[in-house]
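To start, the structure itself, in structure tokens.
Letters A, B and C mark the chains in the order given here, with residues in each chain numbered from 1 onward.
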Amino acid sequence: MKEEIELLKEGKRLDGRGFDELRPIKIEVGVLKRADGSCYFELGDNKVIAAVYGPREMHPRHAQDAKMAVVKFRYNMAPFSVDERKRPGPDRRSMEISKVSREALDPVIMREYYPKTEIDVYVEILQSDAGTRTAGINAASVALADAGIPMKDLVSSVAVGKIEGEVVLDLNAMEDNYGEADMPVAMVTRTNTITLLQMDGRLEKEEFKRGLQLAMSACRQIYELQRAALIDRYSESVVEGEGEE
Amino acid sequence: MYKVVIPGDFISEAVSRAGEGTYVEDGKVYAMRYGIVDERGSIKVVPLSGKYVPTEGDVVIGRVTEISFPFWIVDIASPYEARLHMSEFADTRDEKIEFGSLSRYLDLDDLIVAKVTNVDLMMRIDLALKEDFNLRRGGRLIEIPHTKVPRVIGRGGSMIKMLKEKCNCFIFIAKNGRIWIRGREDDMNLATEAILKIASESHTSGLTDRVADFLDSFKREKGRR
Amino acid sequence: MGLEIVDDIRKDYVHDLIGSGKRVDGRGFREYREISMEHDVIKRAEGSARVKIGNTDVLVGVKLEPGAPFPDAPDEGVIITNAEFVPLASPEFESGPPDENSVQLARVVDRGIRSSRAIDLEKLCIEEGEKVWIVFIDIHILDNDGNLVDAAALGAIASLLNIRIPNERYGLTGENTLPMLDTPVAVTTVEIEGNILVDPNFNEENAATSRLTVISNKDGTLSAMQKSGSGGLKEEEIAEMVEIGIEKAGEIREKFL
């Protein structure tokens, strides 16, 4: 039997957060020189980096799509990212996460603008504290924009869960391990369209609905941060001599 | 003042004026790219990044990567490669080139200036050779993101005119972000530095003046030594 | 990405029909194809079932073997779920290691069983910290006409319901049966032209851009969900899919489990 631990003390979570509070987020755009687009993203103790290469020529030729770009997504965890060293290389979990992450972004990428090419999205988890796939999707969205990929919108992502009967936002690793449900969500905030939805655990239908709404509202907050990071990058900084060009 | 937008940003309801870099949905014009809005004329989003995709009429600098009779396959800094048919090469119009002898005219890694004559639905890109100048001797090729090219040219050519004068170099800027410079070694270094500076500060205003100052101060330094 | 063959003509046909309220095979939007189930089809397995939903045909075999427990659960048995999309089942399936689709299917079925606590893992303990029963759930796709996950999940539960623990083979004594604590059922729906359709066949699966699998328990609680496909879903569509999921799970559970 797994040991029971108390995740809530006097109605507050162990890290002091309220039920609907996100962990601190940090976003940096264009952090890699060689990639066409990149983003470093922190969500609490999660540290992830996303890079986009492309559109570029696709090989093998027979796998090309004559009408649109093929998007590939690779989620990978560094061996030192977790407590018990993770053997390098893809495993079943990262395969599934890569698939659902790609499907979370596909709806917004306008692939028809670059037929026969491939767009590669690489997400590396450098440090993990639950919610890595959501951090990865957030970072990948920003990296895709940074790479100049034509998109309809950004995608924003967060997970909700249930601990000691309470529906809460953005579980950390402890809460994920000992909690009762875990539900990652991704959304296009402008259209309120859900592009990623997974759930694992035990939720009543009503708890699920509440959790989904909580996730959607948090995604809107995250969207503002993603947007700010991209806009601020090109804000007029130190410039001597104004005047029109 | 430049307005930066990200994909999905609402720009305008003037759907009839929607242009490049935007898409229309439910009677509204949205940004499709991470870039700068330009509402003079059509509503455009000028991208801050992204790969070069050729259009008919573009003049590019290419590098031969493969010889595949009767074509040379040319890399034009795009996700798509281009091809040059042997008949485009002036010398060959009178002669008949044999299989295996294409490399005598243009070999692997040779640089060419060419015009994009056709881009078809399958993204096959055809080039025609432009022989306005020789790309083989005593010059240097640099590459900047193609999105920065307009800035290096400047409004009405103001920036590139200034660069040519102050650096005393021949400078040719191709649409695909490749730039050919020819001059004395230290003049070429100065021009290179100036162009890279423009590329990295392309989103700021007052750039022409700043670059002019940069070049002038460099020359003053040089004069002192 | 696997070879996803999308026949544009068929896709448009499906869309057009649905736009006028019909499905290609004449079913209602909330209607499953005919489901049939055979128990204990493989004598050498400790549990097995063959499930057909329409033309989709899935065989699940369960094998048990003693092995080491996970260090953080020394008194619990282990479940390992795998799916083989063997080439004979479909022109798109290639031989080779599991691709992302078969990995996803296996993991979703596994989560449904695990989260619902359908199996009392403590009953699978042989010697705490040393030896437990490893339950291998192997899903073998025989014919892919869409909605593999519902058939696979149903086959898995049906296999587990009448499991025989092979104590004798390993010189062990203990219970020979393993009662199930819950019977989670997976129900998959797709969205096409703003309509929600349950149990998509192969053509409907390809015509749709979004699919949601909802796995629910005897008491109507949700134990797993998975959205797949390159489309997006609205909150109301998801709510409808969850409703259908719980409702249909109840019907299927009553009839087959």
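Heads up, the rule we're going with is that a contact is a pair of C-beta atoms (placed from the backbone, for glycine too) under 8 Å apart; a residue touches a chain by one contact, two chains touch by 3 or more.
Predicted model, so just to flag it, every value in this text is computed and none were measured.
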Third chains touching both chain C and chain A: none
Chain of greatest Cα-centre distance to chain C: B
Where chain A and chain C are represented by their mean Cα positions, the distance between them in whole Å: 27
Rounded Å distance, chain A centre to chain B centre (Cα mean): 34
Distance between the centres, which are taken as Cα means, of chain C and chain B, whole angstrom: 54
Of all residues in chain B, the ones touching two or more other chains: none
Chain A: positions in contact with at least two other chains: 188
Chain B residues within the chain A interface of the complex: 1-2, 4, 6-8, 21, 23, 25, 30, 32-36, 47-51, 53, 79-81, 122-123, 147, 154-155, 203-210, 213
In the complex, chain A residues that touch chain C: 1-2, 70, 72, 92-93, 95-96, 98-100, 102-103, 106-107, 181, 183, 188, 191-205, 208-209, 212-213, 216
Interfacial residue positions of chain C with respect to chain A in the complex: 1, 72-73, 75-76, 98, 100-101, 103-104, 106-107, 111, 115-116, 122, 209, 212, 217, 220-235, 238-239, 242, 246
Residue ranges of chain A in contact with chain B within the complex: 36-37, 54-57, 66, 108, 110, 113-117, 145-154, 188, 190, 227, 230-231, 234-237, 239-245
